[in-house]
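Structure first, then comments.
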Amino acid sequence: MLDSFRSSILYDVLKLTSTLLLVFMLTAPATAGPGPPKRPDFPQGVSTTNPGNDLWREVRQRDLPVTGTSQVKGVDSGVLINVEGDRWARFRIDNPVRHAPTLLVAVVLVLLAFYVLRGKVGIEGGLSGRMVFRFTDYERSLHWCLAIVFLFLAITGLILLLGRTLMIPLFGHHLFSLIASASKEGHNLFGPIFLVSLLLMLVSFARRNIYEKGDLTWLLKGGGIVGKGHVSGGFFNMGEKSWYWLVILVGLAISISGLILVFPNFGQGRVIMMVSNVVHVFGAIVLIAVSIGHMYLGSIGTEGSSEGMKSGYVDINWAEAHHDRWAKTCHENDEILSAEEFARLQGNPIDSGDATTGAAND
Amino acid sequence: MSERLEKGLNMLRQEMDKKVMSFFSSCVRCGVCAEACLFYTETRDPRYTPIYKTEPMRKLWNSEYSFWGRLASKLGISKPMTEADLADWEELVYDGCSMCGRCSMVCPLGVDISMVIFKVKHALAVAGFSPEGLVGAVQRAVDIGSPMGITMKAVLATIKHAEENTGLKIPMDVEGADYLALLSSNEIALYPEYLEALARIFDHAGVSWTLSSEAYEATNAGLQIGNKATAGQLVQRVVDGAEKLKAKNVISPECGHAYTALRWEGPNFIGKAYPFRVVHILELLDELQANGSLKTTGLESDRLTFHDPCSIVRRGGIQAQPRNLLQPIAQNFVEMKDHGSMNWCCGGGGGVSSNERAEELKHTVFNRKKSQIEELEVDAVVTACSNCRMVMEEGIEINEMDIPLLGLTELIAEHLAEKSN
Amino acid sequence: MIEYLIKGPLWYFSLAVFCIGVLWQMARIVFAKGKTDLSVARGSASSGAIRNVFSRFVPHREIAAQIRLQVVAGYMFHLGLFALLFFAAPHVHFLEKHLLGFGWTPMPHWAFIVAAQFAFFGLILLWLRRMLNSVSRLISTTDDHITAILTFVVMLTGCLALGKGFHALNLLHFFTVELLMVYFPFSCLMHAFTFIPSRAFTGAWFGRRGIDA
C-alpha cells in the first residue's frame, strides 16, 4: 500500500511541493527582511565605494556592452561575461521551454475535439474504387524520407529542449544525460539529411505549388473542412500549398540556423548563435505543431487522403472533392483506372482467372 | 500430396544446383529486373517481374534449403507447398515470359533469372501445368516430326519448288558432306526462300552440304515447354541423322530457339558431347565471307535496321556476325535503340508464339518493338530468326505499319557476286 | 554483469555464429551439385566469370534511367556503410585491439559523419522504395524488412554513441551488432558474400557462350 503510494505521481507531487515549501520557508526571512543589514564594525556615516564594484560593473557589462582586449585571439574573446547570454537563457526558459508543451498538447486536443465533433471528413458519394495516378515512387519515397527524418529530429530536438524539465523527474539525471547525449549526436547527424531532403522536395514539388487563380476561393470557404460546400483546387489546393511553403521556408530557416549552431567554427559570435538558437527553436515548434495537423488530415482526418502517399494513386471521387480542377484534366486525358486495373497494377489482381492474360490498354 | 505436385517438386529439387543456391542466397529483391522485362514494362503488372516468375523455385529453396525455412518445417509451423504454387505460375511463366534473358543481363547480383525461370518450366512441364498450344506442338513434334505438323512430304515439295526456282540441285542424304543443313518448320511452311537462299549461297561459295530425310527439323518444342526428356529425344534425332551421314558440321537455321537447343542445350539434354560441330548459319556465312569464298555485290539503298533475336544474340553470342554481313550490302543501315545484347524481344520467344492463350498479351508487348521500329523510320527490318520474323510480321500487320521483314540469309543470297571461277 | 555478457560470451558466440555460418553457407554453395556443360565452349568461362564480377557494379546504360533511384541510393548506402565499417576510428581501433592485431589510418571525424549521412539517406530511401514500389512490395519478404531495420538500428546505435563517455550507449551498439552478426548468415545479408559466386556463375555461362555481358 505504502509502496504503491510512493510510486504514484501524487507522491511525487506532494514531495515536490513540500520541498518547495521548505526551501521557501528557509529563504523567506532573508529575502523578506526590512532593508539591508547593518554592519556594526564599519564606521557609520562614511561613504566608501568598494573599488571592485566598478570593475565588476564593467565586467558584468551593466551599462553597455564593452569589449576589452585579450591575449587570446578569437571570436568574442574580449568579452568576459556575456550579458546577452543571460537574457537568452532566461528567454529560452520563459518562452519555448515553458509554453511549447502546452502548445503541442493543445494542438492534439483541438484535433481530438474536432475529430469527435466533426468526425472524418468524408467524400460525397464515398470512394468509387476508380483511381487516378498522383505521385511517383520517387516523390513518395522523398516525402516519407523527409517525414521520417523530421520525426526523428522533432523527437530528439524536443528531448534536448524540454528534457531537463520533463524527463529528469521521470528518468533521473543519469539516464537523462545518456538520452540527451544520444539525442544530440543523432540530431546533429540527421540534420543535414533533412536539409538535403528538403531541397530535393523543393526541386520536385515547387512548380505545382505556385499559387494560382482560384486558390483564394478555397481559403474563403475554409478548405471544405469547416462548413459545407464545394471548394476549388488544382493539383494541390490552397491548404496543401500553404503547408508546402511553410515546410520549405521554415524548414530552411531551421536548417540554416541549425548549421550555424552545429558548426561554430566559422567565426560566428555568441549573438549570432543565440539568435540562431531562437530561430531554430521557434521554427521547429511551429513546424511540429502544424505537422501534427498535417498528419491528422493525411490519415484519419479525411477519407481517402493517405492512399496517394501509399500507392501513389487516389480515388477519383477524392480528387474531385479536394482537387476538382486537377480531376477535370484527369477526366479529359482519360487517366482514370478501373478498380480491376488498379488492383492489377498493385500486383494483387481481383479476378485471378485471367489476371495474367494481358492488359486492356484502353 | 498429389502426384503431379510431387513430380513438380522433385523436378525443382533436381534442378537445385549450386548456381540456383547462390542466386537465391544473393537476391535482395531490389526489383531492377522488372525494368528490363518486356512484359513488365509494357503492362506495368508487377506480377511479370522476372524474379517473381521464379517463385516456385524460391519457395522450395526457402522451405528446404534455407535455415529459417528448414527450422519452420521441422517445427511444423510452415505452410507446405501446394499445387497452387505451381498452377498459379503457369500463366506467368509460359504466357508472360519469352525467355529473352534481358533480366539476366541487368541483375546487380548477377542472378541468371531466365535460367531459373527455365528450371521452373521443367517442373511445370513434368507436373502437367503447360498451355495446350505447347502441349500440342510437343505432341506433333514427337509424332509427326515437326511442331507445326509438317510431314516429309511437305518438305519434299518445298525442296522441289526451291530446285525449280533456283535451277540448282538440293542435295539430300549425301553421305560425307561437310555440312548438314537443318530447317525450322517456319522456314518450310512460311519462308521457303530460306532454303533457296542456302542453295544459292552454298553453290556460290562451293560448300559441300546436304539435307537429311531423317533429321530436317531443327526446332525443339521440348525446349519451349521445358520438358527435358522430349527435348533430348528431339535432339537425338538430329544427332542420329548427322551421324548416319557422317556430317562434320550441322548448320542451325536462323531460328533462335533451335540454335539454343542444338548448339548449347542439346549435348546436356542427351547427356553426351556431339561428334560434330554445330554452327549457326550466320556464323557460317561470316566465316565464308571472311575467308573470301562468299562475295557480295550491289547495295541496298533502303534504310534498313537489324532486329537482334534474343536466343542468337543475347543468349547465343552471335552479335558481330550479322553486322559484318550487313555492312557490305546495306548502304543505309541504322541500329535500333538498345540494339545488340540489350535489344528488346519481339514478344513471341520461349514458346509464347505457339501458345494461343498468350495472343493478346503478345500483341500488347509488341508495342515496344513497334515504337523501336517507328522511331527509326526504316524501310525494312532485317532479322535472323523465323519466329521473330513471323511474330513481327503479325504485329506490324495488326498495327497497320506496312514495313517488310527480311531474312538476313535471303538478303545475302540476293547480293551474291558472279562466281569468279 | 550485462557488460560482461555483451563483451564476453555473447560476443564470442556471435562471432562464431557469423564466421562459421558464413563459411558454412558458402561451402554449401561451392559443394552443391552442379553439372558440367557438355556443349563446346566458344569463349573462356573463367575470364567471363571474372569480368562479370566487376562489370555488374555498373548498371546497363539501357535501363539506367529507370533504376536511377536504386542505383544512387544503393551506392550511397553501400559506400557509406563500407566506409563506416572499415574506416571509422572506433572500428579500426576495435579491429586492431581485439581481432587483427594491426590497424590502418581511420578517416577523420567529419568524414565519418558524412559517410554516416550518406548511408542513412541511402538506406532510408531504399527501404521506403521497397514498401512503396508495387514491384518491390510484391517480391519483398519478411527477411528483407528485418535486415533493413536491423542494419538501420545498428547504424543508429553506433551514431548515437558518438558522444563517448556513455558506456551504456556503446554497449547498446555492441549488442545490436551481435544481433546482426547472428542473423547475418541466415538472411539475405549473405549477398555481401554470395554476390561473388552468383555473378561468377552467370559470368562463366556468358563467357563460354562468347557473350559480352
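We call the chains A, B and C, going by the order they appear; numbering starts again at 1 in every chain.
To be clear about the criterion, a contact is a pair of C-beta atoms (placed from the backbone, for glycine too) under 8 Å apart; a residue touches a chain by one contact, two chains touch by 3 or more.
None of the values given here were measured: they were computed from a predicted structure.
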Two chains joined by the most C-beta pairs in contact, as defined above: B-C
Longest centre-to-centre distance from subunit A, chain (CA-based): B
CA centroid of subunit B to CA centroid of subunit C, Å: 37
Subunit A and subunit B, separation of their C-alpha mean positions in angstrom: 61
Junction residues of subunit B - those touching two or more other chains: 46-47
Residue numbers of subunit C (touch at least two other chains): 133-135, 137-138
Per-residue multi-chain contacts in subunit A, two or more chains: 345-347
Contact footprint of subunit B on subunit A as seen in their complex: 344-347, 349, 352, 355-359, 361
Residue numbers on subunit C that touch subunit A, as the complex places them: 69, 113, 116-117, 120-121, 124-125, 128-129, 132-135, 137-138, 156, 159-163, 165-166, 168-169
Footprint of subunit C on subunit B - complex, ascending: 16-19, 21-23, 25-32, 34-36, 40, 46-47, 49, 51-52, 66-68, 104-112, 115, 263-268, 271-274, 277-278, 314-317, 319, 338, 341-342
Contact set on subunit C toward subunit B in their complex: 25, 28-35, 37-40, 42-43, 52-53, 56-57, 59-63, 66-67, 70, 74, 130, 133-141, 143-144, 185-186, 188, 190-191, 194-195, 197-203, 205, 209-213
Contacting residues of subunit B [partner subunit A, same complex]: 42-48, 88, 91-92, 95-96, 357-358, 360-361, 363-364
